[in-house]
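The structure follows.
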């Protein structure tokens, strides 16, 4: 038993600690095809090398969320194996596109710690960075999780809660080098709506639905080398259900949002996100979006749009929280992100 | 709601209209591997680069039906989102092999329109072409679908029903440049039967069966970026079943036909096809073939064979239609195609 | 019916007979990604091209067991289509890593025959070799299966039972050219335990579990072009269950063994193996290992470790056989292999 990884407990984290996560991964044509088999992903920049080249990139990058999942997956054995809950995300930025042949690894720094008043758990804040084989940071994000203590009598660390931006300032978004939407082909991209056609406050029902399957969410989650038992082992939870990796719902909702947001091509910022309710096989997921903000960028023809993306179990669109401020029971995901669009 | 694609209705089509379909797609090693994971595909030309080179091609092409699915998938949002039924195929030809790295897009021309006497629906005939990044047409086919009218009071268009060949003249089949079966390795291909060993009228029971799974047909259909709700959303049909994309059955039956037709390597013509009955998860699909015709070609060692490929729910082989001329309830697919074989 | 493959029966084998199996296969980025989607595979050498290069290899090879499955899959139509039971493996050695772009084929020599006393079946021993496109043998193994006779009155062949090593002498293991673990990065590999940290007799419970899915085992088995009906056709067995390919359990157990054996990077020898009980969808597979032996090698920083890998239906770890010498009902697999580890 001593040789297996029991995961870290709350008292195993220290402020400023840097954890280099294991198992670097080379991504390529296989990951790309699987992403398109597992999600109804259709954004043209990630589907066509030709479209990507016409947009100033050398080829089609790996889907932004696939890059996120690879980076995130590596953190699971070190950060969330004993997590009780995944509490939030902030300050997520995509800094470099990931291309076929790139090898990703990730590293997390503990930036906050707060023991809970019950003395049994605590909240750990980490800033995770994903690097490629040239040591370039391809993305970074902050995540906080509630983790069990191994020993309830272990002393509480000094409470440090990091100050995190509620929203990434659009000036801090990183536009991939060379990106140029001035010759954007709206017909090939699938919709005519440009940045100027979206209004702040506008909501979009993405209409389509996908019913969740065990084999699909497990294949996706494995592909990112996420090892959390609860996703794979039907004997782990008393109810015999396999909890679906929250990132599976993020990717599914993002792919569904193509219908109405086909031109929100690249995700460049993750302002925040909540997995409002657990997801299980058999549910049918639908999605809606709300335009939260818009900003110009310095890149030719490229605008930024801030979107709320909500995944539901198929309930009424546009219902997010009840009068008590709690998420509606039908809501699975509430994500706040910045994307790049042709102007 | 205004920003999502409601699909075209019958009155949205006009004779001669050309629709450029969205979302070009670069295919490669990932699509190839997934095709072989989702179907029991074993034809050597598509499995081995070495076998393909020995046959005069630069490398193993993407399976012909995978190329068809990619081209077809793009047409769905424009042609069949509001389709009541997929009525038929004709004049399908594969014109250029598709290789890893190729980017496919497709375009359809409306070549026929006929409002039904009930005034609620009409039949739309389109000729679809798939092009690669060099603007070469890689395949083309005619398909006709029954589509709902948005407004039953919209005026009926002039009825134009195109004249379509029942069978492609073998002289019009396009043999890939360089194809040469004169040094064909029957041992590596898996069977000894050559073109001369098949007789017109001969029938072959392909023996093997595959039980359909939700995760498999959904992954396949998504990979081709086919967005029809009915394949993915269990809440869409009143019976809670996900209708399986007809192309999934085509690929499955073709792969099963390896056992008895291992040397019917390349599909070059699609004379016609009918999805005789709907397919759902849980059914076990079997297949049988009938040799309909044979023809010589100008390529060294290459003969053409015209085959009927029938997929069933596991019923008795060789039973196709009842005395009333209707398909037997066990029949899922009746496909008529031309393939190339070593002589 | 005459054109389909009925498989070989016991009387169709002759001592010394060499069978060249059909359908060569080119493997690549797609097979690699699918392997990591279908199994929780995390060994760093197979996940990262950079890690592989730091270990002296030109790039990350295809997982050793994936290479085994490809070679094995080709033998099924010739060796085990009419098999009653897969009885054992011996003298398996991996001789050359398989890289993206390699094309594999396989060939088997009949090295033993023994008719059973009931006169209805017999045991066939074959030595199978997998070759790449340069005719280099990439792996070889002996396997014996019980096969039905077509005609119970066919005369029995002379009984020849080959003498097979119970264990491969570590001096006969082939270390890939250039392999060098002297600069091994234990942090990136995921665990700190080196060759010297494992003791003969030590047992390791790999803790994690994976629940089996029909779509997953079928996709894996198809990817290796294994055509045995029993894995795919739910109508084949009277109980309506699809028997899971034994190799699926091997790969799953090996991947689970990462947790405790992350540094047992390369499999180079297969001493023996038994599929103790059949596996079906819905079961949750767990795994444990026992260190059976250790040996030094001539490669820098590389040690060999002999491991027993046991897959169970989730029963108690470390229980293998009952007092009657029979496998416990919970045991699915008992595999004996040599792996290479950093010293």
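Lettered A, B and C in written order, each chain numbered from 1.
The definition used in the following text is that contacts are C-beta pairs under 8 Å (C-beta built on N, C-alpha and C of every residue); 3 or more make two chains touch, one makes a residue touch a chain.
Here's who's who by UniProt: A, B, C = L-erythro-3-methylmalyl-CoA dehydratase.
Being a predicted model, the structure only gives us computed values, none of them experimental.
J.: Since chain B and chain C are copies that touch, is their contact same (over half of the numbers shared) or different (under half)?
T.: different
J.: Between chain A and chain B, two copies of one chain sequence, what rotation angle (nearest 5 degrees) aligns their Cα atoms?
T.: 120
J.: Compute the distance, rounded to whole Å, between the mean C-alpha positions of chain B and chain C.
T.: 36
J.: Out of chain B, which residues touch more than one other chain, so two or more?
T.: Residues 28-31, 33-34, 213-216 of chain B touch two or more partner chains.
J.: For chain A, which residues count as touching chain C in their complex?
T.: Residue positions touching the partner: 1, 3-5, 20, 22-26, 28-31, 33-34, 77, 100-101, 103, 105, 133, 213-216, 218-220, 222-223, 225, 227, 229, 232-236, 242.
J.: Where on chain B is chain C touching in the complex?
T.: Interface residues on the chain B side: 28-34, 36-40, 42, 44, 47-51, 60, 187-191, 193, 197, 204-211, 213-216, 259-262, 282, 284, 314.
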